[in-house]
Structure formats: structure tokens, C-alpha cells
Amino acid sequence: MAASPVSTDVDFSKPGRQVGRLRVPRSRDDSGWGTELIPIVVVANGEGPTILLTAGNHGDEYEGQVTLLDLARTLQPGDVTGRVILLPAMHYPACAAGKRLSPIDGKDFNRCFPGDPFGTFGQVLAHYVDSVLLPMCDFQMDLHSGGTGMDILPSACGHALDDPEMMRRTLDMADAFGAPITMVLVEVNAGPTLLAQAERRGIVALSSELGGGGRLNPENLVITQRGARNVLRHAGVLTGTPQVGPYGPSRRMTIPDLAHYVFAPHDGIWEAADPLGAMVAKGAPAGRLHLTEDPDRHAIPLNYAADGLLWCARFAGRVRAGDPVAVIARDL
Amino acid sequence: MAASPVSTDVDFSKPGRQVGRLRVPRSRDDSGWGTELIPIVVVANGEGPTILLTAGNHGDEYEGQVTLLDLARTLQPGDVTGRVILLPAMHYPACAAGKRLSPIDGKDFNRCFPGDPFGTFGQVLAHYVDSVLLPMCDFQMDLHSGGTGMDILPSACGHALDDPEMMRRTLDMADAFGAPITMVLVEVNAGPTLLAQAERRGIVALSSELGGGGRLNPENLVITQRGARNVLRHAGVLTGTPQVGPYGPSRRMTIPDLAHYVFAPHDGIWEAADPLGAMVAKGAPAGRLHLTEDPDRHAIPLNYAADGLLWCARFAGRVRAGDPVAVIARDL
Amino acid sequence: MAASPVSTDVDFSKPGRQVGRLRVPRSRDDSGWGTELIPIVVVANGEGPTILLTAGNHGDEYEGQVTLLDLARTLQPGDVTGRVILLPAMHYPACAAGKRLSPIDGKDFNRCFPGDPFGTFGQVLAHYVDSVLLPMCDFQMDLHSGGTGMDILPSACGHALDDPEMMRRTLDMADAFGAPITMVLVEVNAGPTLLAQAERRGIVALSSELGGGGRLNPENLVITQRGARNVLRHAGVLTGTPQVGPYGPSRRMTIPDLAHYVFAPHDGIWEAADPLGAMVAKGAPAGRLHLTEDPDRHAIPLNYAADGLLWCARFAGRVRAGDPVAVIARDL
Amino acid sequence: MAASPVSTDVDFSKPGRQVGRLRVPRSRDDSGWGTELIPIVVVANGEGPTILLTAGNHGDEYEGQVTLLDLARTLQPGDVTGRVILLPAMHYPACAAGKRLSPIDGKDFNRCFPGDPFGTFGQVLAHYVDSVLLPMCDFQMDLHSGGTGMDILPSACGHALDDPEMMRRTLDMADAFGAPITMVLVEVNAGPTLLAQAERRGIVALSSELGGGGRLNPENLVITQRGARNVLRHAGVLTGTPQVGPYGPSRRMTIPDLAHYVFAPHDGIWEAADPLGAMVAKGAPAGRLHLTEDPDRHAIPLNYAADGLLWCARFAGRVRAGDPVAVIARDL
Amino acid sequence: MAASPVSTDVDFSKPGRQVGRLRVPRSRDDSGWGTELIPIVVVANGEGPTILLTAGNHGDEYEGQVTLLDLARTLQPGDVTGRVILLPAMHYPACAAGKRLSPIDGKDFNRCFPGDPFGTFGQVLAHYVDSVLLPMCDFQMDLHSGGTGMDILPSACGHALDDPEMMRRTLDMADAFGAPITMVLVEVNAGPTLLAQAERRGIVALSSELGGGGRLNPENLVITQRGARNVLRHAGVLTGTPQVGPYGPSRRMTIPDLAHYVFAPHDGIWEAADPLGAMVAKGAPAGRLHLTEDPDRHAIPLNYAADGLLWCARFAGRVRAGDPVAVIARDL
Amino acid sequence: MAASPVSTDVDFSKPGRQVGRLRVPRSRDDSGWGTELIPIVVVANGEGPTILLTAGNHGDEYEGQVTLLDLARTLQPGDVTGRVILLPAMHYPACAAGKRLSPIDGKDFNRCFPGDPFGTFGQVLAHYVDSVLLPMCDFQMDLHSGGTGMDILPSACGHALDDPEMMRRTLDMADAFGAPITMVLVEVNAGPTLLAQAERRGIVALSSELGGGGRLNPENLVITQRGARNVLRHAGVLTGTPQVGPYGPSRRMTIPDLAHYVFAPHDGIWEAADPLGAMVAKGAPAGRLHLTEDPDRHAIPLNYAADGLLWCARFAGRVRAGDPVAVIARDL
């Protein structure tokens, strides 16, 4: 594989605090050698582990972006043992647009890993993150929320891993993050995500879900800010021990199978029966799907196909056929 | 002005319940004589007033759409004295897209009145509503919410009118609707709205704000459902008297001037200091605007320039320069 | 109303054959003073009437375009008494794209009359045709076919006119054109068409339907070529009398009301029961609408609501809700 | 290669009739975990071969879609020995749009094989068809027509294969399908098609051409309906022997080389000299290309460069430089 | 006509220097009450005339924008008698894009006057400039250059006016501006420009052409900076007399008719025979148009149809049919 | 790797002059088997080397296109020993649009090598150039200019190569071309370019920069025309020795590192301190970046970070954050 065409004014081997940019080539009609600038902050001091914290993988998820911007503005070398690399708006073009998908290549950046140095903008950037940044890391956490369409209970998220030692270290880090929930995912489509790529490189890695609806949720912002510092403490980069939130230790849960999802069978307006966080029962009404085009048709009732906690709920009122409207979690 | 090219299979002079469509011409490359279908329901019985209830003026405002769909499915001729005309998804193309603006002509439908029979899709439809439907009406209410970008306290909205009798009748209708707030607007840009057009035709008319954030808010749905039946009772179309909500009678408020707005001076992520509905003080912090592109710049603090109730708040996390992030209301 | 900004290198007062261009301003990012070129041919000789023949009002209707291109290449001043103005590709940008709608402003050019010298591209061009070309004319014929979506029996088309003398002169011209059918339209939405505009200026005017499906129909091309020369003869611009087609004199028909249309109530694939030109009966099956999204739902049967001749049929297989799939004509 | 992220509610190992959906991930700005739904029908009974019939590879080809929808609605387990898998609208987004190319990724789905589980929408779907469905199959037929641009004589199509046994089995299946023509293709660009991919997997496979022009041709629908049942009989999944059409056994033909194509050298309107199905001679006029932009230029005459049957003809009137306007077939 | 919906934080009646914004409503899907911000600077002191200087009418014309930004940053109330209103980036959305046309409504802003308070973004802004700003003004100058496509000799531009007193005052102001050339235009399409609108309001008004090619020309920037201060002196707003450039007094010229234009008859690459500013002769070669699509066709030679000064030349290499490639000026 | 689906009517093995087309498949909605035509000219005679000259890799770079069109029209077999292959508009769709990027797939064609026969349009074409044309070649030169955004001193460009013999042969060819400058590039992102691909195939290869600004620079056209014939002479395909330009032998230069670039840190208007070709000093002002959105902010001064020759300068006035505005070259 060829070298990355991405360059940066940050020197990863230098101690101290550096605020710089990744310069990612993007040829425009009026600027053949134009580049997009991705803000990057490195704070390094002495010997110690390297941790990469990322937000803005999807542009419409804000708790992580604000948390890392605050960290980027305040973290000082004297606070740190080792190295912290912060990408508060990793997929900057989507962040600037406030959208999930790339305004440049239309892609979901979290389906672009491990990337391609000759590929589209997102693939070039993903390749840099994978081939240049990840090899420096001991720990990685990619801060997500539910985006415009979904609302999700605040959770650290890891994959169920075959290696028990890696599984244990991942769960330890999730415990440290200290969200109300730790979600252990058994995902079919995890391959092209940053989380899966970090795992493939043997890095202790997490992602998260910290709200959604396209808004900055103030309660979840507090959880994210506490959690980000907690993982730095857990990694040994900051001193001190992780703080426990007012809700106590994180509850480990999982989503066993597709029966724990409710999907909309038609386009329509979704009227949920329960609020996010409700305990729901198999067979109970999940809500009604209103068919706008025909006031003579009854709203379609949908029911849950599993018991559990309403972990993730459709936020936006309008849904399209195939959209998930509810995801149920079970204790692990 | 020429006649409208819109046709319908509903006969407005007929008693009983009819579910039909407005057929609005829309020439496509593959269907020169194609039409868009707008669902319409008419329920008429005996002599009495005519009231037009509309929702889906903006496609991403759901409380009104669901309320009118439910009414459209349940209202029977025997319930009614006079005539109810329901457009649960008035600007249907935007409703189907779940967007504020038209996917056909890019326009905000509520800036298209009084319309034009030779104009764009939205202008043709607005002209039909204005020239065919409004002349039949004694009362009109256009149900809005705050849309994807804003969240707004549930309110009936009317304009400050020069004619004291019309003002009184408008406030009576708002009292009947019974939202927590009645907002009396002094608007500069009201000209091209449906509300202003109904007022110009001498119809007792209201609009509303009933939540926002691009979601269907369950509490506000209850307010809307009660309110819609209340105005039918107030108009004398349904029997009975309007019901008062658990919050008591509607509080009359206004927005005196532009000093009651806080606008974002740059693009960024908005972190509000207060929740919607807070009482705020002139000079107090309204929130911080985070500038994603430069982790070395401090977040910009914005302050309120007036005292009052935080009636409307930016919902979406990402804002652009020029977006309102807070609107303060004062008691009338 | 201001003067047209359109210029031309053709001198309408000059005898002889001129091939030129209308130069219609179209500002582009890379050419602020750029113009679009519309081919125009004028053949004039001696004293006599002026007739304007136009095709390519819609870009995907070809019988008229080819007929007028052939006329434009072959008509010589010595053949003519009076003046023939030919616009074989009147709305040239749509013709070059092979589309009904404008690739510049998205408009249906035949909904742009009488136009606006400060408006969009189509409105500026329509204003020129109306304010500069029509005032020179005694006769006008605008050659249409059914376009990509529809297939239509070859017909000259005129409006039912209040003035009996104009009605008679219009029907005389249609008889001369000599299509199998003369359609006398009672249109709601005729206002913004070239035909209606020509009528408002007191010009004897026709349009036509000469096939469709986005193809060049060879049988209908023959009818169009004969018809175009026939109207020149009828106007006295060419010598000789109009030729009658092998099918005999034109049959006068009309479409009395909306009951003579069958519209698709859903998106789907249209399977017609009858070929174009069939005699059909009220209540008989018009065809089936196949709903692609659900193989468990039966195809929706649609029936005719009137007796008559299947004058116009949906051509393209895929239809959208609101598209006409059949139009029935009755003898006048 | 990674596993497919596509899931389905159909259980391919279960006997009986199932109507379900393929759920293909498609991240939208407002639905990060959204999916597109592809209708699938499986009818299975007892031991026997598996045959996969597909239509809607291109969305604007309708004979196959309607045929498979009818089969999907009517085929019962008791009719079947073995297993029939039906995808009546395989590339559903293009079918819903009535377009050849994908409205999602702009690709021609039949140039996406063997696909990529991390690729674009079409590549993900192609990868599922290839990696999950094809390995179950003994026979496959992908039903095409000529689409919007071309009209083609009804034909079963297979490739000239190196393995004589596979060639024989392919021709046997084509004989069974019983279209008027069996086209044996020697294609340069066959690599990324479903047909080529099925062949690479050792499946007896055919595609077809069954009309075109963007319409549903009723004569060709009959041929397709008969043919689809014939291949089921030939495979032994339905009982009985294939029925021969009124035109007798299929005629085996081929297109020897590029000299059998006529291509448009310019943009223009194509006026063909011959109807589809004509016998044509090398050097004879194929038609005239009218250049709309200049009424002074003669139409460009094009001639055939080979003798044979006019198997495929340009349907749409407007052509662009590089478009084929005629394809000549020779008996094998 | 209704009042403008545009507001501003600048108080035009206040003395001193104010830097503010025009707030122009622009409804977005995610911000229904969003506004676009147009920078405005007012510097006022004592009694005296009002002059409005504007640049960025077209976004890709830079000499005026930089000149007015410099003025906006440096002009102090003590320098001024009367009032200077500066719009350095009048059509800000196009300026931010570096394009001639609006990225919002696609319009050329200088074809939007007198505007419409209910119209598109450009029409709303034009209406504000016309109905609010122009009535305050005694003098107006709108600074243009040739944009991306054209290169033009530095010139002040006015219209030939019927009123001899207004003509004299206009020429006096042009003399004061002191560009090498003063162009007196006889324009057909001047109606919808800001210059024509200012003239209709009886204001002494000029526009300019000051280079082009989409670049900031340093020599022309000097001319513009001198000229802008000169017109302030001429108006009496700044003290002192206008400075004469090193090229001496302005030369008055005109473009008598369309014969002074050379237009490209085809798409191609334009190779000019002469540099901008050359004296050219009727019948001499203007250049060659290279037809990229066919290396066998000779480049098309074009000749001048008039004598004079090559005042405006095509800059961009690629031209489309209908683009002007040369404009010849004559001494008045 | 599969065979290319591109075909051509040119026979590369035939002597004489042939003007033909590459036929590159491009499926359109209305032409499934449509192709794009790329003009190609081959002039061959006797035994000798093969040289491929290409222009129009980027559509908005004109000196090479015009030079090769002139060569294509004039070069005769009798002039040649060996074979000359000319692609005057290699990436024809971009050339026809006058844009750098592809109007078909949005890609920069010079980032598409070595291509993919199943990929996007640009990848398919690149694969043909690489797999079919390059293997025939002894020499290759790809003629570039700076495009719309940049202006660059006329230069032949080669890479610093590890193989000293290839380096020497490359420099010999550059000396022969005889531009004022020979630029020896040390590029990070060269991988996907045609130049790098030709080098990987062991061909003596150059590219060039010959002006820019989106215009055809007449002085640079002369250099290009002389240079193109010079490389033909150098290769031995034409007789005679390369001509030296009036500026003498080519000066060998390089760009040592990123410190020789000045990048814009914000969007704005760039006002350069120096003209292209100036000698500049480290620390000296490179220019000012004007921030249009805020007339109260000072223009941002940017300085050079290296001494040398201003080899490449931003041409377009408007820049975006990340755009290079100056590139400094050093003598080798």
C-alpha cells in the first residue's frame, strides 16, 4: 500500500502542546492542489502510553466534539504523562456541514476504514488515521452519538472480542469511561468502522453513543466530559482514578439479535408508545406509523419482538421504509 | 388573476364525509401532465360555519400532521354542525420528504402566499388555498411547530391586528385553543404567510408553534389534539366548550423587538446556557458558540439583550452565522 | 413592460431566405455576458400573410423538430408568398438535452407565456416570442407530441373559443393540417401556453399531438410533414390546396371533463388493457397497476369512467401517483 | 472477503412460500442505520434444483418485473419441486425510480459484480447476490429489456463459453425459454455483469432482451411470462415441458464484431431508415442524424457496415455522440 | 409594495463609524428563521451628501471588494462630510463562493433589480438596496470587473441618458473616478441592473469594469483605490480634488452596436489574435476557435466586424456557442 | 486484471495518419450502451520509437490541447520515423466542460492511475491508457498547465528517480523540451498520476506546467509548440535537433519541502505581494488575505518561509482555507 498523501504541521515525536492541522488533498476545479484542513491537537510529556480521542466521525454528533474542543483548549503538557492525540472534528467537512455523511464524497466516514490512499476524500483520510495515527496508539476512543435520526441512552460501546484478554481490557476501559451503559456489540457490519479497525490493530478501543437527535444534550455532555477524562486517567495519561457518575457503575448490556430491532415497513410519521429508557415487553405496542398519503388508512401498529430496555429510539418524526424505530437492549 | 389549475374530487357543497385529493399540476420530464396529490378531508353537516385546519405547511413539523390525520380518520358528519376542511399534509411534497422546504421548487411554502396560478408548484398550491379554500372559511388555523432547527414552547400564534374586533375574536379563538402560551406577533415578514393571507381575507385565523427539533413531541401532541377539538368547539362546529389544559389558561405574550433575539455571529456548535422555558435576564450568558475549525480559539460567549421567558431555542447543535439561537418572550 | 433583451441576426423585414439565431442572454459563472443560441429561419417573398411554425417547445417531442428542420433546409423564397418563420428547436436547451423541462431553469416552457423580459431563461424567451414574433403573425402552429411519458393519436389541437369566427378559422386551419383527429380542448390550465397566448393576440393558432414515447414515430412524421405544408398552403403562403391523408378528413373530437381521464392512485408499473386508439367502454378495465414494493399485494385494477376513443395512453412503464394513464376522447 | 452486511427475514432452508425483504444498509443523514428493502420471494418444496430468477437489474425494464411479480403472487409450494428464488425488483431503488442507473450511487448495477461488502450500495447488494444467493443455485436467469434508450427483439442471451458442456446446457436452457431469438454474445465488457458472474460460479445462466423503449410491451410480456415458466419446467422445478411460442423454435444468432454496430458520430435526432426486425444490407442507409443546432447543415446519413437482422435499434429520438443507433445480428 | 423583511443593526441616521450587517431572511431546512449576513459600513459626519459604494455585486470580481474593504477599515468620521455607505461584498453569498451567480437562487444579482420583498434571496436583497438604501443617496457607484470569463480595460461605465443634465453630472463623476476609459453604454438589457435602477431614482450613478479573469489585478487595484477616493472627493464627502492617473484624463468611448461584438459560433478553445487593448481593424482576424472534438476539422477563423479598441476580451480558454470573445470600443 | 472495455477504430499497427476515437463505455439512463468518444490521432511511418503526447488530462489547461490539435492536423506520415500517438483532449468530458474535474465521476483524472476496467469512467479510461497505450511507448509527455486556480512558470516536470540512467534520460528529454525551467519533483502524492504510472512502466516520461489561470497564454503556447516538436526530435521521430528558446537552456530547479509552500489559513481574497517569477526572501511578505465577512478584521499577512523563485502563484482571487497561494522553487 502506498504512503498517505496527507501531511501535517504537528510533530508527533515532540513534547508539549501543539495545535495543528492535517492537510488532506482535495482537488477542486478552482484549486487543483487544494487541501482540506482537519484540526489536530497533540499534548505530550515524558514516557507513557498514547491515546487517540476522536469525535466528529459523523458531523451531526456534538457531545464528543464539544468535549474534545474543551480538552483541546485546556489540556496542558504538565497534566499529561505520555501522549494525547485529539481530533475533535475528525471528519471536518461533515462537521462543518452538521451532517452525518460527507458533503465531499457522500460517504459515511465510519464505513471507510481501513481506507485507501488513492481513494475518495474519506478513504484517504481513513487511511491516514489507520496507517499513521493508529500505529502510535495504545488506546483509542471514538465518540459518537445517535445523530439526527436516533436518540440513544449514553453508553460506551465495544465489540464482543474473541481474545478474552482484549475483551477484559476493553471492558475495563468502558468501566472507566463510566457511562450509564456499556454496550457489548455483536455486529455484522462492523468491518469498515474505525472501532473495528483499531481492534484489528490490537488497540484497546471503544466507541460510544451519547444522545442524538442532532442536538447537544447537556446531561450527556457532562457524561462525555467526565468519561473522556476518565479514560485518560484509566490509560495513565492523567493522574487520578476515574470518577463514577451519579447513576453508579456502568451496566453491561447487549443486543442479542435482529429481533431486538423494530423496523418501519413503510414511509410515514412515527409515533412512539414509549420514551427512550423505558422497559418494554415482547408483544407490547411499540408505536403507530401514520401514513400521510391516505387519511383513510389506519395508522400501522408495530409491536416489540423482544423484552428489554428501549436503548435506542427513532428521534426524527418522519421515517422511511427500512428505518429502525426502536432497538431493545438486554443485560449481558 | 386566472383561475386555479388545481382540481379536486371533493365536492365542497356536499354534506357528509369525503376523503379526496387536490390534484396540483407538476410537469415532469417523464410525465408532462403529471400531478401531485394532496390529501383533503371534508366533513360537513347542516348549516354552520366553515373552518379550515391545516398542517404540514412545513414538512418537518409533526404534531399538527398527526392531530389532523387522527381527526380525519375519526370525525363523522353526525359530530359536526357546519363544515370542517382538513389538510393534514398541506404541502405534501415537503411532508413526504420530512423537510421544511419544498423538494420541488426549493421554496418555503409559508412564504408563497397569496400565490400565483402560473407560478412554481408552491405558488400554484398557495393560490388554490387562497383563492378557493379561504373564501369558504369563517375560521382558519395553520398548525406549525419549530421544525428541525428550533424548539418552541407550545403556543397559539396570532398577529397584532389593527381592527380591535378582529383582534378580540382572534384572541378568543387562541384562548379556546388553550395552549400554555398565546403569542401575539408583531412581524415584519408576515406578508407571504398563510396566516397573514387569511387575515387579509377577514378570516379569524391563528397559527401555532408546538415543539420542534424535527421530532413528534408526545406532550405537545396532547396539547395539539385538545386544541384542535377546542377550536372546533369554539367555532360551534363541534358541541361542547373548549377544555382547559392542566397548566390552566393561556398566557398572552409577545416579542417586542429584535433585542429579544440572540443570533449566532459565526458558524459553530451552540451550547445553550438555559433550557427552553427558563426565565432569563438581560446581560446573562445565553450560551457559548464553539468554533470547530480552530481548537485554539475560545468559544464565543453570547449574552441575552432582554429579560423574559426563553420561548424559542436553537435545537440543532450546528448553527450558521445569522441563525437565531434564542428568542425571548415578554408578557403582553 | 420593458423591451426584450433578446437579439437576432435575422432581419424580419428582408425578403429571401435567412438562417440565423436568436441570442438569448444567459449569464454563466464563466461567461457573464453569455448567450444561448436558438436557430431561426425566415423565408419571405412578396406580399402575403406571416405564419410562424414552432417545434421543440418541449425537447423530447421529435416529429415537429424533424419536419421543421427539413422545411428549413428546403423552403426557398421562390416557393413562398408572404413570410414563413420557423423555429425548429424553439426551446433549444431542452431540445439539446432531449428533455421536456428546461435544463436551465427547470421550467416547462409551455407554462412560461406570456413571459417576462427580466425573468428566468424560459420567461425571457417566451416574452420574445410573444412580444416580437407573435405580433408579426397571421397564423401560428406549435408542433407537439406526447413526450417521453405519453403516446397520443396524431391530432391538431385548438381551444374551444368564444368568438365563433375565430373558432371557425381555427377549425378550418385544423382541417387543412389534416391529422386523423382534430381535438377541441376545453382546458383549465391553458393560460400559460403559447397556443393560448397566440389566441389572446387574435392569431389563428393550433398546437398538435403527434405521437410520443420519446421517439420519432415514422408514420406520424409523414403526417406532420404533410400537415406542415398543408397549413402553409391553407395560409396562402404556399400555392396549392392541402392534401388529405389516406385516413380521410380529420375527425373532430373533444375531452368533455375529468371523468375522461384515468389517473394512477399509487406509484407502480402500468400494464394497460388496451392499445392506443382502442374504443373503450365506461366501467371496463383500463389496466393493472403493479406495486413493486410488495409482491404480496395484488395489482390494483383501474377502470374507465367514460366511453370513447383511447386518445392518449401512458407510454412509460413506471408511473407515479397522480400521473394520467389514459385519456378518452369523444366525438364533438 | 468479509461477510455481507445484508440481512433478510427469509429462511432459504425452509419449505413453503415466503415473501420477505433483503435489508441492505444505507446510511442517510437522517437515519444512520437506515436500510433499503428489496422484495424477495422464495417458494420451496421437497428435493430438487434451485433456480434464481431476477428482474429489475435495470429499473426501466418492465417485462421481467411484471412477470416475476405475477409469479411471486401465484406460485405455490405444491407447484414446485426444489426451490425458486424470485427477485422481481432486484435493484429496487432504480425500479422505484424507473431508471437504469442507481439513484443512490449513480452506478449501472449490472456493472457492479462481483461486488464489495464495504463498497457502494450497488456493490454491497451485488456482493450479497453473488456470495449468498448464487452459491445456492443450479440455474439463474436475469430478465432484461432494452431500457429507455433501445428497442430489442425478444431474445434469450448467453455468452459464448469455452466449456462445451456448459455451452450446451446454456443453449438448452435458452431453447427452453423459447424467445424468438437466442443471442450468443461475444462480449468484451461482460466481466462485471450478473450473467458473467453466474457463469464464473459454474451456474447455467442466461440473461435476456425483451423489448425496450422504457415501456411495457404487451407482446413481449407474453413471451416473458411463457419463457419464465418454461425455464422452471426445463430446470425440473415445475412439471411439464416448455411451450413453444407461435413463432416456433428460437433462432440462434450472434453479433460477430463492432462492424455490426452503427454509432452516432454527433449529438442529434435519429431518424431510422428501417424498423426493428428488418433485414438490412451492408452499405444501405441506416438513417439520418438531424443536427438541431444548425438548420443549414444537412442531416448526416449513416450506413450499415454489415448485413443481417436489425436486432436492436435506437428508440429515444435524441442521441448523443457515441450512442449505438443500430445493432445487426447474424445467424450463428 | 410591501416593506422589506431585511433588518440591520446599523442606524443610518447616526453620525460616526458603524460596522454592521444586513440580515436577509433565508429559510433553510435546519433553520427556518435563518438569515444571511451582509457586511455594511457607514461613516457619517455633519451635513453633506450621501454616497453608496458597492462591490461584490458579482462574487468573482475582486478589485472593488478589496478597495471597499480597505476603505471600510480606514475611513474615519473625521475624514468625512456627509455620509458614506459601503457594501464591500453586497451579494455576500456569491462573494463567499467566488462565483458570479448566486449559490442560493442561481440568479445573476445584477439582473434582480428593482427586486421583490417576497421573491428569491437576490430579489429580496435587491429590493432592500433599492427601496431602503438608494432613496438616501445622492451618488452611487457599483464596482465591477470582467469576472471569470472576460478581461476588460479599466473603465468607469455609465448609460447614455436622455436628460442632458444627468448625463453631464454622470460624466463629471466618471471624469473624477479617473479610469483610463469612460464607457458610455447604450444597453438593451440594462433594465434589471443596479446602475439602471439608481438612474431611475435620479441618482448620479456609475458602474465600472476593472479587469477580470477571476483574479485580483494589481494595476487595476491601484486604479480602483484611487478612483474610489476620487468619487468621494468629487461628491464632496472627502476634501481635496480627484487625482489624475499616470495615463492622464479618462478617454470617453462607446460600443455603438452589436457589430462591435465577436461571438463564438461553436463550443471550443479560443485563441485570440490580439491582446486586450490592441487597436483592431474591421475584417482582420480576431482569432481561431479550436474544435476539440474533431482533430480533422480546421480551427474556425473569426474576424472583427468593426474597427476600434479591443476593450473586452474573452479570458477563459474554453468558450461555448454564444459567448462573446471580443468587444470593440469606439471613441465617443 | 480484466481486459479493457474501451475500443477504438484506430489500428495502432498500421502505418500512415489515422484520426479516430477511443470509445469508452458510459451507461446513461437513456443509453445503456452509450459511449464517450475521445479523439485520438496516430501518425506512423517505418521503424522507430513510439511517443505518446497527451493533453487535456485536466480540461481547463489549454496550451497543450491547442498544441496537440495543431500537431494532429498537420503532422504527416512522411514527417515521421516511428510512431506518434496524440491524445489532444485525453479526458474529453472535462475538456468539453472546461473544468479540471470530471463532470461524469467528479474525479481528478490525474489521480485515477493505474485505473480499473470495472471502475468509474475515469478509472476505465486510465486503465486503457495504462494497459493498452503505455506498453507501446518509449516516450511519454503529458502536457499540463496550472488550471483555473494557479499560474505557473513554463516548465517541464519530472520526478526525482532512483535509477540514475532513467533520471539522466528524463533530464535529457526535459532539456530537449526546452522550457525555461525543468522542475524535478519530489512528490508524496505522485502515485496515482499518469507521469508516475509511465515511470513505473519504465518509459521516459515528463509532464509540464505551462501557465494557468484557466486561459490560453500566448507566450506559453509558443513554448509548448516548440517543446512538443522538440521532444519528437529528441525521440528521433522527427528529424532535426531541438530548438532552444530565446531564454536559453532550461534551468533545473526543485521544491525541496513543504516550507516552500504558502497556504491560506482561511477563506478570503488573496492579494499577492509579488508577481509570478519574482525572487522572494524567507520572512518577506507574501501577501494579504482579506476576510470578506468582517470589515473590522485586518487582512491577514502571510510571509514566505523560504527563499527562492516564485514559481507558482495563486491566480483566482478567492481562496479557501488550505489552498496554496505561493510555491517557491530552488535551483537544483
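As written, the chains take the letters A, B, C, D, E and F, and residue 1 is the first residue of each chain.
The working rule: a contact is a pair of C-beta atoms (placed from the backbone, for glycine too) under 8 Å apart; a residue touches a chain by one contact, two chains touch by 3 or more.
Everything quoted here is computed from the prediction, not taken from an experiment.
Asker: Just to be sure I understand: going only through chains that touch, what's the smallest number of steps from chain A to chain C?
Answerer: The least step count works out to 2.
Asker: Could you tell me which pair, B-C or E-F, is linked by more C-beta pairs in contact?
Answerer: Contact tally favours E-F.
Asker: What's the call on chain C versus chain E, same or different interface residues, using the half cut on shared numbers?
Answerer: different
Asker: In terms of CA centroid distance, which chain is the most far removed from chain B?
Answerer: Of all the other chains, the one whose centre lies farthest from chain B is F.
Asker: In terms of contact pairs by residue number, which of D-F, B-E or E-F shares over half with A-B?
Answerer: Interface equivalent to A-B, from the options D-F, B-E or E-F: E-F.
Asker: For chain B and chain D, let me know how many angstrom lie between their CA-based centres, rounded off.
Answerer: 49
Asker: If you average the CA atoms of chain B and of chain F, how many Å lie between those two points?
Answerer: About 57 Å, centre to centre.
Asker: Could you please state the distance in Å, as a whole number, between where the Cα atoms of chain A are centred and where those of chain F are centred?
Answerer: 42
Asker: Could you pull out the residues of chain C that touch at least 2 other chains?
Answerer: 30, 37, 60, 98, 148, 214, 293, 316, 318, 321
Asker: In their shared complex, at which residues does chain E touch chain F?
Answerer: 19, 37, 39, 41, 56, 59-60, 62, 65-66, 69, 72-73, 86, 88-89, 92, 95-98, 148, 213-216, 218, 221, 267, 269-272, 275, 290, 292-296, 298-299, 315-318
Asker: Please output the residues of chain E touching chain B within their complex, sorted ascending.
Answerer: Checking each residue of chain E against chain B gives 2-3, 5, 7, 23, 25-37, 117-118.
Asker: Write out the stretch or stretches of chain E touching chain C in their complex.
Answerer: Residues in contact with chain C: 58, 60, 99-101, 108, 111, 146-150, 188-189, 191-192, 258, 263, 316, 318-324.
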